[in-house]
Every structure is written in structure tokens, then in C-alpha cells.
Amino acid sequence: MSIFIDDSTRLVVQGITGRDGSFHTNQMLEYGTQVVAGVTPGKGGQSFTADNGTTVPIFNTVEEAVEKEGANTSVIYVPPAFASGAIMEAADAGIAFIVAITEGIPVMDMTRTYAFVKDRGARLLGPNCPGAITPGVAKVGIIPGQITTPGPVGVVSRSGTLTYEAVNQLTEAGIGQSTCVGIGGDPIIGTNFIDTLRAFGEDPATEAIVMIGEIGGTDEQEAAAWVQEHLEIPVVGFIAGQTAPPGRQMGHAGAIISGSAGTAEEKMKVFEEHGIAVAKRPVDIRALIQEALAG
Amino acid sequence: MDIHEYQAKELFRAAGVAVPPGEVATTAEQAEEIARRYGGSVVVKAQVHAGGRGKAGGVKLASSAEEAREHASKILGMTIKDLTVQKVLVTPIEDIASEAYASVLIDRETQRPMFMVSPEGGVDIEEVAENRPEAIRKLRIDPRYGLLPHQAYSLATFLYDDPAQVKQATKLMGQLYEAFTSNSCSLAEINPLIVTPEGDLKAIDAKVSIDESALFRLPEVAAYRDLDAEPAAETKAREAGLSFVKLEGDVGCCVNGAGLAMATMDLVKYYGGEPANFLDIGGSSNPDKVVAALEIITADPSVKSILFNIFGGITRCDDVANGIVEAARRIDIQPPIVIRLTGTNETEALEILKEAGFSAYTSMDEVVEKAVELAAQA
Amino acid sequence: MSIFIDDSTRLVVQGITGRDGSFHTNQMLEYGTQVVAGVTPGKGGQSFTADNGTTVPIFNTVEEAVEKEGANTSVIYVPPAFASGAIMEAADAGIAFIVAITEGIPVMDMTRTYAFVKDRGARLLGPNCPGAITPGVAKVGIIPGQITTPGPVGVVSRSGTLTYEAVNQLTEAGIGQSTCVGIGGDPIIGTNFIDTLRAFGEDPATEAIVMIGEIGGTDEQEAAAWVQEHLEIPVVGFIAGQTAPPGRQMGHAGAIISGSAGTAEEKMKVFEEHGIAVAKRPVDIRALIQEALAG
Amino acid sequence: MDIHEYQAKELFRAAGVAVPPGEVATTAEQAEEIARRYGGSVVVKAQVHAGGRGKAGGVKLASSAEEAREHASKILGMTIKDLTVQKVLVTPIEDIASEAYASVLIDRETQRPMFMVSPEGGVDIEEVAENRPEAIRKLRIDPRYGLLPHQAYSLATFLYDDPAQVKQATKLMGQLYEAFTSNSCSLAEINPLIVTPEGDLKAIDAKVSIDESALFRLPEVAAYRDLDAEPAAETKAREAGLSFVKLEGDVGCCVNGAGLAMATMDLVKYYGGEPANFLDIGGSSNPDKVVAALEIITADPSVKSILFNIFGGITRCDDVANGIVEAARRIDIQPPIVIRLTGTNETEALEILKEAGFSAYTSMDEVVEKAVELAAQA
């Protein structure tokens, strides 16, 4: 078992003919993901031929991809100016799980888009996220498949490459993952820590969770309180940004300490108060999760 | 992107907000001339992207044009939080009957724009939030409907009792929200929002941050970027598509991904060092970016060692390796460089680096320890 | 029993100090309606004194009226430019049943307002409607109380004075009403025929229904189909506008025959096809409803 | 409120829609001059609030300025559906490769704005709807979000295959929707929407109706009202706050409420008569309104009897009675008046009428029968 993606995932790639879209479609196909359609307005009727010889039909609209190929999941690699529209198109076409990789979508667009996706009852992951991977089954997004291995640990993270680091630590220590989810670092995201933790909590295959946060906002604090109240499996936490100065944005639009709120120190303290074991270094995740699984 | 007070006021004026007049001077003489036109009784305000201008001596009242010149000559060129003041705003002094606070920002929790208003203005709103939270009213706006009339009214009645002021404030809330949304702000703040003895509401100070992601469709706002008001290294980084923040330490860091970059800095500290910077080269692996990153890092004289931490995903390790080799050819790099590369095309990358004589690691802890050690030895 | 309003109705009057608002507050109080609050921004703290001596507290906002007086129903007499905002204020304050009397609200405003009310889970009656009355219990709006009498017939109508005519016919014939509902003649209304018929269908006190339509649109046709499929009690129908020329708006914004659609003839035909007895004249309603009740 | 084609085109142009140039002439000489400026090859189009202008001879092609003058002199002053043509639009002839249809209106069923587009343009869309419904695409717009990019695109692809035309049409849908919403239209229609041989989309004919209720905040659009283009009686009625439509019969009707007014007309027909008009005096019972109503009704020479049907609710019967008495004093009313008054202050009203010598009834059927009988006798 897993969360968000499994062997019933039928993926449509929005922006399949773009640079990133085509590169990652190859990667996803190679990993075994069922990529059933691509969408590029104006290129409907053409098809995408992968490095491994697979061909994927291209449509003008997501609606057609749903009707003709039964797509139920979408991944979005379109430029920021059009990404918000692409998300709404997917939700409007009945796609249940939408993964937006695109970085740099205007926040004002996302406030409306987030509301739209909720109105349509779909789940959005991201934007500005690496996507999700269920090791050995399917990947949707850009997480490198080779660093993952199937197993009992769910990974959820606001970061991209830091997620890879954490997953890699687990894999190197021989600990597999149920699903790895990058929720994205933007101020407005479709799926937050609690949403993901809840899904892991309902997944029988997930026995422990690694949660990777960073400075800025209060998502981690709220997640910690939720974990203590609702979750029965153990959680190991890590927070990046102990050395980040207040008031400066650290790459991610959301990674900024405003006034005295959102420091790494505060978040780590709240984690510990709510029974989440805190890793001081990424490498410490190994021992803590081993302990948790043994516990 | 932060913009200056005078620019923020321009955006507010365009949305209809009552903002007193004001002009910008870059010399003391200009300041004097402007002050004379306003009758001499003016405020001279440093235009820098930093809070606490008042405490730092960057805001001065003048009762004559001559005094305005004197103030301007002191403020222009002064340094506030590492930033040199290059412009002052000269604006008439307003008589104040009461001061309030009003802002709109993005509330991460509800994923919506949020108003924050308080009848206690002209002070640090964070302090008010901590000590007297009941003096602050927060109101989330459903982006599907925008600010509704009864919401604007309820914000206004939280600030004022007098019907004429409630009426003005109701209108102002709409204008502030319009300024916020039409300019894709992440923050639009009026502090203080004053009532004059005549009963008129006016925005005396204004602070606006713009969502960088929206600048592509706001050319007029994008033109507000004041390159003189930010460190040259950050300008260079942004132009090269990098994300850079200068810190106080001596271990230069070059990482792909913001989270990993922060975790790397933290690990430097863990092993007893101090990071010299935050630097995220982003997802793409263009060798030119790596060259630009090294140029920026090496331009900082306090850097004693340089640490690369690359986890290849989209980023191809061989591209990064080529960038490092290329940079070493083009620029004279004094501090020692240690490199950790893992992930996509790792093997090719290690080969490239070995040939060029660089030491490469595959573990994050190893490379950080080594970089800290090298900096300490320097 | 009844629909929409009963003895638990606690009414707030929005625009209570205006000409229409104060006149009808008097009328509603006199009829026995529990008018618990009035709202006029800027007049909070004052109170409204009715002709019969009752005083009603005035608040600046509906929110206060709900908090302090437990209002659950609202009636709106504010001018068209502000009526849409008043409806949204009521819905936002948690009012469950909102009756908008105001005529001339811009249609574009109502498209958003309608969506807002639905989002908040409230029911809107109108705008541009005479409201509703449950004879002998309470009235919300402007239907003259003296022409009604309690009994088993539900009345639903797109029109104002024509509703009075129909109700008067019933009362003169000794046939009482459970609730009389004027849904309003605007193109966009909160509660349509089917919504009202459904409520009557679920009301044990309603044994037959009079449905009064007019030219324009297809609401009556859809209602007729719904009646045949879902309703177990008999319905008597009347349609105004047999002599109305196509393409001309007859007073109501919605009363216009567009092309060949929405004629009285068509609607009467559809009524008969779906088992709804059609009164040729208002006076014929008497006999038909007597038959229906006897049947 | 219907507006003229040339006005609709102005609104469309303001929203960015590609509309060919055009100017309005009120004389044949002006038309000639305009045609000369456009090179002679023009269309002369009657500007009246009526469909079927083409069939009625109100639209003519000219190949020279002189011919344009001749056409204009014939069209100006002609009568189309009872309306006298007082203006013509002179616009260059466009070459047409294909014709499509696009409109936005309010869909009563879903309570939302709705697009209707068809690749079959330049024809009666109702006919297309009836005969080939598959040639029409309808799309409802959620007013909370407006027209979304993928919706505009899907409308465009329903009309065109060529990517360049799809691109233009996608943009045009947004412009049409903007014109619709910002002007509070009840209908905004382009028919035909042509593609020129060069591949450009252009709106050749435009039809717009404005929601009367929104005019209070659209002063520029309200100024489009062309009083010359509507019957004088309707202008007078609107100004007096009445709702009036002229019909062909001889029984003048004066009723409070639109539904009751229609039911009254229907009852006139039921008893063998023909109503002369629809007239709703509305909810208020200002005696002046009643006077204005009687002035309008008596100005129609075909009226043989006058019928009042008043059900007092908000309307007070005594006010109406006073209005009737007042009108009888002020104007010379030839046709006999019969009156039914019931409801609020009915007793006082009957007293007033009796004193002034009018016959009054309390049943609708009685009074209508009487009015029909009187008209037949006249």
C-alpha cells in the first residue's frame, strides 16, 4: 500500500512537449509509471515517443485525456504564467490528484486556484514541489527513483533536494519507504503536512514517518500538535534553517522568519513537546527511525 | 521584493488611498527646495529597505527648509542595517489626532489574504500582537469573492466609533485590498493610519512587499526595483538565477535546493564552523550558474573555504563539476574547495573533478567537516 | 406545520429604519412575527419602536443581531446598490433563511451573491419577491396578512400581486393556506419552483399546491416534470402572459418570451402533460383546488 | 436596455475585440462622406432596436460613395418593426472566409453567465439551435472564478482548427466576457464573427442588451439610451416609474404588479376583448403615477375603455383612487373608466371614487367583463 499514488495511477503530463516535461516523462516511464497521456494545447493528435520506445498520445485538453485514456492523476510542468490555469483545467476535468512541479506561480493566482481545486474536490500537491514517489510502483514528479526503495517509512517534506538527502539516508541504512511526498515550499500549497500525515496514518503499509520542515510559518507546529492527538505511528522530525537570519527569504518563497515567529529553534522545541524525535543532522534520521520502527 | 516607502505610497495613491504629498530627494539641496515648496514644516525620511529607520536616526522633523537640508545631508549616505541611504522622502508634517494600523498579507494557514487592523498604530504591531492581542482584528478574505462590503465595514468599526471616520475607513479598506491584489503584494501595510484633527484619514507611512513571482506581468512595479538599495552580490545572484543571502561566517556554501542549502549551513554550525552565505543554485545545472556562484562567493573576503553540496536530481552532477572546473579556469580562486556530489551522473562528475585535481566526497557530513576544518586552518 | 417560516422564526430586518423597512416591520409585528432585531449600519444601539409599542433593538451588523438576539431569519429592505452586500452579510453571519424584497438588484451582482449564499449553506428567497407567510403564525416580507387564512394549500408564485389575487381567491372560497411563497420574478433567484415544491412535498400540513407562473424561461416546465416524478400531492397551475408579445419585457426582468421559448401556451401545455390542472382564469383556481383536495 | 450596433461595437472595441472601423451618419450626405473616406466600398446599416434589419432592407452594400449616399437616403426614415430609422452605420466591406457565432448571456437555469458559440455564423442562431443543436457549444461560467483559460481555449477549438485562429479566438472569448461583465450585459453577441481571407478574426455585427438595474453605476452606458429609438409612450412611462408596453387592442389596462397586469390582459382576451397595453404602476401608490398612467393610456386613440385592476398590498387603494380623481380633473378622459380596487384601504378608496362618480368593483372578473363590454359598445 501507499498514499496518493499506486498501481491504479493513470497519469497525464501537462506540458509534455516542454523541456522539463519531456525529460521527466522519460524518467517516469522508465520508473514504470503508467503515463497514459500528455497535454500540449495545439499539439493534440501528435504523440510523444519516449527513449525506451513507448509512445504516449498527446491531446489539446485534459478533458480529452480523461475521456479517452482514463487519466486520473496529472503532473504539471508548464511555465508559471500558465500553471495556475493548468491546475484548474485538471481539476475541472475531474482529475483527482494533481501534482504541480512548476516553481514561481504568483501567490495571488494560487489563492484562487487553491479554492477552485477544493471546490472541485480534487487534491493538489505543490506547486513548487518535487512530487511524490511510491517506491517500486510509480513516481509522479521529479524525485530520483534510484535513491528510493520500498519499505515501511513515509517521508513528507517541504523541501526538494533535502528530501532526497533524507530518503537517501534511509535507503543507505537499508530502510525502505512506503511513499515519499514533497509538499513544496510556497506560502500556498494544496496539500500540507497534516493532510499528508493523515493519509499516512490511514495507510496500513506505513509504520513510521519522517517529517522534514524548515523555517517560516507555523505548519510544522500545527502538524506536531495534530500528530500527538491523532497519529498512532511514530514520527521523526528534522528542521532546516537553524542558521538562517530573521527577515531574509531563504530561496523558497515561504522560507522566511517573520519577526520572532517561525524559527527552527521554535519548531524543534514544539516537535519535542509533542513527542516527535528531532534529528540534529540528516544522518541522525537513520538511528531515530530505526529506534522508532523497533519501538 | 521590498519597495521603498515612496513607491508604496505611489501604489496606494493609485488605488485611491489618501496619502499626503511627498517628493524624493537624492541631495540635501533638493530636499531643501522640496521642503520650501511645502512651507518648510516637513519630515525627512530615509528610503531604505529596513525597519527601525526612526530609531536609527533616519527620520527627522524639520520646521524650516534649511533644517530640512541639514537633516537630509545627515541622512543621505548614512548606513542603516548595512544599507546606505541614497534617497530621502520629504513630506509635509501632518497633525495627528489618533493613529491606527491596517495591513493585508497572505495568511499561510488559511491560504487566503488576511487583513490585520488595530486602533493602536504607529507602534510595532508584533508587540501589540504579543501583549494585547485583543487590540488586533484579523479577517481572512475569500479570494473567490474579494473583500465584501460588510467585511470592510466591520474592520472600520473595529478602528473607529465616529460615523464619518467609519465611512472613510470602510472605503479605505477596499482601496487597500485593491492595491494589495492588483499589485500582487505579499504585504501592504499602513502604519500609522492617522486621523487628522479635522477628522480626515491619511496613510502616513507605507510598507509594501511584492510577490517576486508576479513581477513578470507587472512591469511598472518591477521597475521599482532599486538595485542601489540591495547588496551588489544579491543583484548579481538574482540576475544569474541564483538565490543568495550574505551571512557572517567564513565557510562559503554552494548548494542545490533551498532546504538542502539551509541544512548544509546548519551542519557547518554543528561542526563548529560558521556559514558565510546561503546560496541555492536551483534545479537547473547550467555550468554558467556555477561559475556565477563561485564569483559571488569568492568576492567575499571573509570566505576561508568553499563547500559544494549537490544532490543530483534534475541537477546533473557532471554539469556542476564542469562548472567548477570552468570557474577555476576563469577566476582566481584562493580558498580551498571541497565538493560533495551525489545522484544523477555522479560517476562522470567525480571523474571530471579528479582529473582537475579537486577532492570530492559523497557524504554530506564528511564534506562539511572538512570545509569547517579548512576554514579553521586558514 | 409549514415551510420556511414557523413559530421558531426569529427575524432580523435589514434596513429597518428605511421607509419600506419600517412600514413592513410594523406590519410583520402586528401579524405576530417575532421581529427580534433590526440592522442599519451607523444606527447600532438605537431601537425601533413599532406603532403597537413593541421596541426592537437596532444593530450595526447582522453578526451582532445573530449573537445577541439569536436571529435565524432575515428580511432585506435595503436599496438595490447595497442589497447584494446585505444578502452576503446575512449569509456570512449564519442566517439560515434570507428573504430579499429589494427590486432592481443588478443581475451580475446576483450571480456572485447566489453562489455565495450556496457556499454558506443558506437559503435565499428572492430578490424582488413579496416574501413568505405562514398564515396565523408569521409573515416575512410584504404579503398582506389579512387575505390569508390557515389551511392545507401551499401557494408558490413568481409574481407579487397575482399571488395575492390567487390567495384571496382561496380565502374567499374558504380554503386556507399552509404557507404562501413568492419566489420573485428576476432572472436569478435564490429559491425556485422546484425548491419550494420539494419543501411543500415534505410538509405534512400541505395537501395540495397552487403554482403560479408566467412567461419567460423554463422554470415552470422543469417544475412540471419534477412534480410528475416526485410529488405525491396534487398541483393546480396558472400561467400569466398569454397575450404578451414575444421579445418584450413585461415588467419583471425575467418575464420575456425569447424567440419561441417561454410562452404561456407552451407552459400550460407542459403543465397539463405532467398532470397539473391548469386554471384558465384566477377564479378557476377555486374549483380546481377544491377538486384536488377532494380527490 | 437594447443599444445600437454601433454602440455595442464601441463597448467591444473598449474590451479589445477586433471590430472593423465605422461611423454613424444621420444624413445621406454624411454617409457619402464617410463612405468616401473608407474608399467607397462600404455597408450602410440601419441603427434600430429591431432584429431582421437585413430582410427589411435596412442593410445595403455600396461600391461607391455615391451609392452609399443613395442607400442611406432610402434607409434613413424607413420604418422597421414600427421604429423609424434615424441613424445609419457606415462601415467598410470586409472579405469573409468563414462566419461563426459567439455570445454570452445569463442562463436562468444555472444562474450563471453562459457562452454560446457556433461555427455557423451569420444566420439565425435560434434556427441552428433547433435544427443542428450539435453545432452549438454552451458553456456556463462560474461567476466566482470568471472565464478560465482552458474554457476560453475549448470554446475557441470548437470554432476553429487552425492554431492561429484558435489563439485569436481564445483571446477574443476573454474580451467578450470582459465586455459582458464590465457593462452588466444581459446579452453580448457577435454574429457573424468572421475570419478574413488573411486569417484575422473580426466582429462584423454586434448586439448588446444591458441590465437596466445596473445602469445606475454605468453612467456612460446609460447615456447610450436613444430616446428617439423607442416609442414616446415608453419613454414617458419609464420616466414616471411605470412599466408600459403598447399592444394592438382597445381595452386600456392599468394594474399594479407585472403578473397581475398580464393576468388582467389575459382575462380581457378571455372575455372576448383585446388589451391595448401592458401597464404596471409598480408597488408604490403615488397619485402622480396614476395620473401619468392615465395620460399615457388616453394618448392612444385606439383605447375604447379603461380598466383599473388594483390589488392593494403596499399599494394603498385610496392613493390610487385619489390619482384617478386627480387625473380626471387635469386631463380630458374620453373613454369610460371601470375600476376594481381591493386590499389595503379599500373602503376609503371606494368612498372617494363613488363621490367622484366612478363605478367600482371588487372582483377581477366583473371589472374585466365590464371593460370589454364598454369597448365593444364604443
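Which chain is which? They are A, B, C and D, in the order written, and residues in each are numbered from 1.
Methods note: a contact is a pair of C-beta atoms (placed from the backbone, for glycine too) under 8 Å apart; a residue touches a chain by one contact, two chains touch by 3 or more.
Here the structure is a predicted model, which means the values were calculated and not measured.
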Distance-wise, how many Å sit between the C-alpha centres of chain A and chain C, to the nearest whole number?
50
Could you grab the centroid distance between chain C and chain D? Build each centroid from C-alpha atoms only and quote it in angstrom.
28
Cα centroid separation between chain A and chain D, in whole Å?
55
Would you give the residues of chain C that are in contact with at least 2 other chains, written as numbers and ranges?
112, 115
If I count partner chains per residue in chain D, which residues reach a count of at least 2?
144-145
Touch graph of the chains shown: is it line, ring, star, complete or other?
other
Going by the touch rule stated at the top, which chains touch which?
A-B, A-D, B-C, B-D, C-D
Within their complex, state which residues of chain B touch chain C.
144-145, 148-151, 153-154, 157, 163, 166
Using the touch definition up top, name the residues of chain C that touch chain D in the complex.
20, 23, 80-81, 103-112, 114-115, 130, 142-144, 147, 157-165, 168, 185, 187-189, 212, 214-215, 217-219, 222, 238, 240-245, 248-255, 259-260, 264, 280-283
Parts of chain A lying in touch with chain D, wherever the complex brings them together:
41-42, 60-63, 82, 85-86, 88-89, 92, 112, 115-116, 119
Okay, in this complex, where on chain D does chain B touch?
144-145
Touch list for chain B against partner chain A, complex
106, 108-109, 111-113, 126, 142-144, 181, 184, 186, 211-214, 216-217, 243, 245, 247, 255-263, 265-270, 274-275, 278, 280, 283, 311-315, 342-344, 363-365
